[in-house]
């Protein structure tokens, strides 16, 4: 099984540890992982703001990079970016038959990470351990365009030491919505606060999601409002507890955010 | 003011202007917890026997705050109505003048008990009196078990106001006129030719939740509904 | 239009309706108006309660239907057919209404509709009109305009919630719960002013007052004006789905009934009601049926003593024809159930007034720019995180979230998205299409961000990032990107 990694631009730049954990998790399951280095972005930011021509420019580059990649699947640790390529590329190119033909086999091979693990590899227990009480936030695209509600929960229920709890208003959007988060900041923040209140009510110490964008929105609000909640991507939790200090390794990656390497 | 031909021509022209663009089509949902997602477990269809219909109807009506009862014959229905009028101290009851309502024979016992009866379609002042009546009484075309609804149609003897203006309203329906579903009624009228001026599914007491989302019963239309199912 | 003088003594009027409900009257931008609305805790609690109740009941009752998914697909197909052949169905509808003894007027816009209705008011020498809920009449500001043309004319909204906000001069804040933003003390204050004496703020007293006061109006009115949920082409029947009963009184007691209906609200056949009656009430409030589901076909028949003597159906274009033949025509499939408002996470926070339009929530954000033009309603398509909950709730399957996205695209093509944004995304596209540029940009970003990082986080940043950091921390660009880590070896 050979997969090409599709790492969203904001994971590449702002949360690379998510990509690192994704690689480790896949390799542990015997998957051969390649990373096409020319990739940049799927084009979703331009798309959500209505700039369809600019989206096509970026999407054509995406196709250039991935169309030639020989792989069984293209795996992406982001529900919203997987949705962009798998679900929205046909719409982006619907008046451009040549691009549409190129896009179809690429769109068809894109799978969000939890989808790939559970529905392609048939995996459930990855051998991870993480001590904590967590709520899981299902990103809107993941839920409504990809229909992947159970898969992350299936994986998390096998993580030793993890208590997964449900929370109120589970289906409400976190308020990110791409540029919406800066175009309508008061409304966006109010939406985040609604989720924060629901999290507080459960007493959870950890927030997990398959979407780093949602984690950025909710995590950014949690820290600003003084919550000590650990905010983790699914991949990081599935990668936890393997080496004696692998948790600290991840923590080091997160601390390494002040612009220096090391 | 656009004239009809101009208006319709404009609509036609606008529709045709869309000629070459890609057609939209229906997208089913995929979220496992959405009611619209095709591959989710389905409840079984309700296939009642006729004997089950009265209890289902009454359960639905009661859940909506209406009062329902099965009575053995028209005499029992009459007794119920006379007793209701007595309990309410009703001075005026207005009823439909159609044959099934006539056949209840309530006029004499009510008058004897001090309740005046006005008959829609027969008494010239029935329309005006309805606005001050204590109780309205009618029959129904049929009743729907699934929802606890009465199906009411209009005619010279069947005035809408009788079922709307008084604060209390009684309908008498033979159990044999119960049908399972709303869709059964629609299917019937879809084939039945011209429709009456009004065909109304009247489902329980009138309700509003407009003040602080608290349920308010009987603001404009009857808050008290009684349906008698006659065996 | 000549001003009419009344020939009879004026009746007591409770309210003069001067409300403007168009987006051209909403000041500031959506976020700014939202910021104000966010301060209202009662509003927020009411909206949260309304959503929980209405949406919870919605899913419970719909889940009992064995064929809900198929019904939704059929509903979409029926509406698609109606819109694709709207001219044919409109003609069929008009013929059927006339065969049933009614009159049909095709109104190209609000002024046209009002001129027609005004003619009836004059001919009948009407002094009181009772109205049941109709968003189409709010869209054309019917109350206000008719009162201007006919001094002394009283137009009374008879839905309890609509009457309350009419008395207060406020626009509705929800498609089916217009007074959701008010508490009972506010209602009592308003009723007391109308009554000229104190009305107690307890529910029973308020309801009794409303019943008595409005009953007088129903019995005195010369004209009743309503909307309709559906108009059936085959038989000329309009269908009204209501709970309070005022709709029944408005359409039964006065000698004239005028129904104002958006021209897209058609169904081809009586049989099609099977699909829509299973979906409408369940989707809106979780009821299997509302209290009154009324099929009205023309005026009273010979020999009948109630029901209107005259029935008029006014079919309203008012911008709908501009949507036909475009990539937005699915917006015309809406049956006005309100399900989308009851799941929208944005509406939940700010309520309906912030949309500045007759129509609020997701459907409002879509049809307001379609009916009124983008320039007037610029903000609305952007007032969404595109979460898709609206589409998921819609019983007809209208992809509201995709329509919002297409509206954003339309704004960019009309130059309404602003030069800054256009430049930003042009630059974005170039950077993302050229990996070297992308990496150089990231490197530049690492340098530029340095002064703003404190304890591993960015808490204060210049615009546009400042709109984020005002309320949320931001992670900085990592020293080593994923690509760097990959090249080092994982």
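Chains: A, B and C, in written order; residue numbering restarts at 1 for each.
Here is the rule we use: a contact is a pair of C-beta atoms (placed from the backbone, for glycine too) under 8 Å apart; a residue touches a chain by one contact, two chains touch by 3 or more.
Just so it is clear, the structure is predicted and the values come from calculations on it, not from any experiment.
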Of all other chains, the one whose Cα centre sits farthest from subunit B: A
Identifier of the chain whose CA centre is least distant from the whole-structure CA centre: C
Inter-centroid spacing, subunit B versus subunit A (mean Cα positions, whole Å): 52
Cα-centroid distance, subunit B relative to subunit C, in whole angstrom: 28
Inter-chain centre distance, subunit A versus subunit C - centres from mean C-alpha coordinates, in Å: 35
Per-residue multi-chain contacts in subunit B, two or more chains: 29, 31, 34, 37
Residues within subunit A bordering two or more other chains: 144-145, 171
Residues of subunit C engaged with two or more neighbouring chains: 391-392
Subunit C to subunit B touching residues, read off their complex: 46, 49-50, 53, 59, 62-69, 72-73, 76-77, 80, 83-87, 90-91, 94, 100, 104, 106-108, 112, 115-116, 158-161, 164, 177-180, 182-184, 187, 203, 206-207, 210-211, 214-215, 218-219, 235, 237, 243-246, 248-249, 251-253, 263, 269-271, 273-274, 277-278, 288-301, 303-307, 317, 321-322, 324-327, 329-330, 391-392, 395, 397, 399
Subunit C contact footprint on subunit B (complex, rising order): 1-4, 7-12, 14-19, 21, 24, 26-29, 31, 34-38, 40, 42-45, 60, 120-121, 126-127, 131, 146-147, 149, 154-156, 159-161, 164-165, 182-183, 186-187, 189-190, 194-214, 216, 218-222
Residues of subunit C touching subunit A in the complex: 30-31, 34-35, 38, 343, 345-346, 348-350, 381-389, 391-392, 402, 405-412, 417, 421-422, 425-426, 428-435, 438, 442, 445-446, 449-450, 453, 456-457, 459, 464-465, 467-468, 470-487, 490
Footprint of subunit B on subunit A - complex, ascending: 94-95, 143-147, 149-150, 171
Touching residues on subunit A, where the partner in the complex is subunit C: 7, 9, 11-16, 19-20, 23-24, 35, 37-41, 43, 45-52, 54-55, 57-58, 60-61, 91, 140-141, 144-145, 171-173, 175-178, 180-192, 194, 216-217, 219-221, 223-224, 254-262
